[in-house]
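This is the structure, below, for whatever I ask next.
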Amino acid sequence: MTILWAKADYDAQDVRYQILIGEGTEKKMVAEFPANSHYVRDVKWPWWTRPDRPEAHQFNLKSGKGLEFKNGTPYAVTVAVVKGAERVEALPAQAIPEPNWVNWNQMNNLLLVLLFGAVVLGSIQTAKQRDIFLRRIPGLDAVDEAIGRATELGKPILYLTGAGDMSEPSTIAAAVILGRVAKRVAAYETDLLVPHRDPIVMAVCQEITKQSYLEAGKPDVFKEDSNFFITTDQFSYTAAVDGIMLRRKPAANFFMGSYFAEALLLTETGASTGAIQIAGTDSDHQLPFFVTTCDYTLIGEELYAASAYLSREPIQVGTLRGQDVGKGFILGVLALGTILATVGVLFRTDWPRIMLDLFKDLK
Amino acid sequence: MNFAERMLHIDRRIIFLVIGVCTLLPLLYPVGLAIKVSPEVRGVHDYIEALPEGSVFLLSMDYDPASKPELYPQAVALLRQAFRKNLRVIGMTLWLPGTGLADQVMTQVAREMGKVSGKDYVFLGWSPGSGSLIINMGQDLYKAFPTDYYGQPTRELAVLKGTQTLRDVNYVVSLAAGTSGIETWYVYGKDKYKFELGGGCTGVIAPGLYPLLRSGQINGLIGGLRGAAEYEVLIGQKERAVAGMDAQSATHFAIIVLVILCNVFYLLIRTSRKQGEAR
Amino acid sequence: MIFLRRQLPLVITFVMGVVFAAQYYVPHPRSELMLTEVTKWLQIIGIFALVLGVTSLFHIHAVKIRRKEPGWGYSLVLYAGIFGTIAAGFSYSSTASQWVNGKETINGIMTAFGWIYLNMMVPLQGSMFALLAFFIASAAYRSFRARSREAALLLIAAVIVMMGRVPLGEMLLPASGDVTQWILNVLNASVRRAILIGISLGAVALSLKIIFGIERAYLGGGKE
């Protein structure tokens, strides 16, 4: 419940406002505060939902902690002013709470999501009609080099798709890159080992690998058990993969997808076997470990970009372009917002809030 | 291969031995170095200290046994402070493997502080869903957890009187070892149900949570064993975490010395190669 | 069959995706009730995923044992471990005079399940995590080299932060604590924020593609 009343000439630190709910003997005080506080301008509501002028008083009452508002029930609300021994009560106002269908405070959020969605879908359409330029990802040269090295040495290639499930963008990117790696591996007839933590990811990657071998013209070389499930438990999986690395000694290790604490345990063990190691992850807390222990690391969105670059699928390329447009927009907003906020503080003016509120509280 | 090259390719097991000794010796012979408290840890402590008696404090212990050394001391310190302040404590976990540890720490600290289950604290245990569970708790705590971990109906517990939803909780702290954790509590909890949120986490994920701290989405962050040690200093009960800081000091310095040495050898090799090429 | 495998999941994804994206902006109690009901379904489905994982595990190791593949003995150990722990979890505790029901302690008395948890799972998981400390040291020794100006800058920052995060470092170099705080709160926070924005945009884009049926990799299988 939002209570509004006009600013008064006597508003000062030594004067107090009281908020009262109820009528007659059932009246009870629910809040008390200095009269020079609780203005509309102090409340964190955006300008399009402000109920009154910035200099008016506003107090918000919420259900819970001793106060329960029921929809459809009338409540009498009064504001009282207390100065020293003097006390004056305003006439009570009636209010009937009703549930809201729309949270207008979040409309900026909805608008920007719809805008971003339109940009992504538009970019995908554009990508279907023409070629969109993507710069070459340096890590991809390293992928080809690693596969070539493994073939020369006659050792297998180990490919990990990370800890995530198929709903994560990094796992999808890892699966796409696996397709490309599997195609090369099929052409050279090198062994491919893909241990998994998730049965659904395993099923998807099995199909992708099979398809890649078919496209490479080597369906007879494809092994059903190249993709195999180990366990979902983090460290049990890590111990099993470390064992595979030490026994089979793959010449190339690929760590694509999202990882947690097991990252360093995997990569350091791989490094001890002398394998060439390439990682790609959006798990920023594990990036330092990958960068120090791997020969090449695709950082964050380079992983998504690599999968788009390799597949050249309009959906992947268009999405990447849409994200880049989104990032460019946010950069512009950050720069403009900083200037406007500085202007607002320097000249003590309120008009920059018109734009700043549009980008406030975005989730 | 000259000395510098041999040192650069030294057997890893020697490095492991150095680290092992640097960890073990300070634990056996503690020094007790002074620990400076950071503002982010103080943020959590001061908020709890300011809560009036009878306030509802929810501690979500979202970690598994692997993260016990860093997060268990944090849980002990937080619970000691909460029980000393006579807050109504709700314990739970979003991580199934951590249920036993969470139960153990709550029971142990409650017994030490003379608190009674059902009256002063409740341990709800684990329920599947993470984000969905938090949403359910935000709508109706009793429906999300009809019974506590020991099978007692939650509606009948004195400690939960007047706490219908997460909106009635005064402060939530999530001790997180990864996902689901602090970010889950913010996205599905604080954003919707508007309670105050603090965090504790392992050292490796702490830097990633600073954006949430700087923007006010969490009001404090206890990072790793160092954070636990700072909290123990704040509550005046120095135990495992403070003892562990001596070992951490020695290990950090061992790594610094090793890194400096490897760079010295690397520069020596580079210089001698350049001199060789110049000739 | 194609309808059940392809069209129906896409329709469900689209309807539920749009409805619950809109739900975020609708504070009406009916909308909140709908959200509560659906989150309960999510919790139930989560349990099915657990069953799926365990069933896959059993199947793969059963095949390994049947074919006597290399390492099949470990598969037997896995079976023994799983069934032993399940049996301990469902057993009757004579000391506590009640069924264990998956509890580690009953009225302060440790159960067999609790013994397995505290004396096997906790030390084993802790040991695996503790290996990281040793691996970090060996990785740092092998790779933290000042090969370029940027690498040297990174190295200096790493040394300062390592010193600033321990009492010995703050004692020897008092400024390291404050510099570490500045690095964490200013440099680190701003860069992490940038990475988070990028990743979040990626997640929003992926979610929109899944809702509108453009991204179908999660359904399994290759191209149609």
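A, B and C label the chains in the order they appear, each numbered from 1.
Basically, a contact is a pair of C-beta atoms (placed from the backbone, for glycine too) under 8 Å apart; a residue touches a chain by one contact, two chains touch by 3 or more.
What you see is a predicted model; the values in this text were computed from it and never measured.
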A-B against B-C, pair bridged by the larger set of C-beta contacts: B-C
Chain at maximum distance from subunit A, centres defined as averaged CA atoms: B
Centre distance in Å when subunit B and subunit C are each reduced to the mean of their C-alpha atoms: 16
Subunit A and subunit B, separation of their C-alpha mean positions in angstrom: 23
Junction residues of subunit B - those touching two or more other chains: 12, 66, 207-208
Of all residues in subunit C, the ones touching two or more other chains: 125, 128-129, 136, 138, 140, 142, 144, 192, 196
Subunit A: positions in contact with at least two other chains: 235, 261, 284
Partner subunit C, residues of subunit A touching it in the complex: 71, 99-103, 106-107, 109-110, 113, 116-117, 120-121, 124, 166-167, 169, 172, 175, 198-200, 203-204, 207-208, 210-211, 228-229, 231-232, 235, 238-239, 261, 264-265, 267-268, 271, 282, 284, 289, 292-293, 300-301, 304, 315, 319, 322-323, 326-327, 330
Touching residues (chain side subunit C, partner subunit B) in the complex: 32-33, 35-36, 39-40, 42-43, 46-47, 50, 103-105, 108, 114, 117-118, 121-123, 125-126, 128-130, 133-134, 136-138, 140-142, 144-146, 155, 158-159, 162-163, 165-171, 177, 181, 184-185, 188-189, 192-193, 196
Subunit C - residues contacting subunit A, complex: 21, 24-30, 52-53, 56-57, 60, 124-125, 128-129, 131-132, 135-136, 138-140, 142-144, 192, 195-199, 201-206, 208-210, 212, 214-215, 217-218, 220-223
Interfacial residue positions of subunit B with respect to subunit C in the complex: 10, 12, 15-16, 18-20, 23, 33-36, 38-39, 64-69, 97, 99-101, 103-104, 107, 127-129, 131-133, 135-136, 139-140, 143, 149-150, 203, 207-208, 210-211, 213-214, 226, 245-246, 248-256, 258-263, 266-267
Residues of subunit B touching subunit A in the complex: 12, 66, 164-165, 167-168, 178, 187, 191, 204-205, 207-208
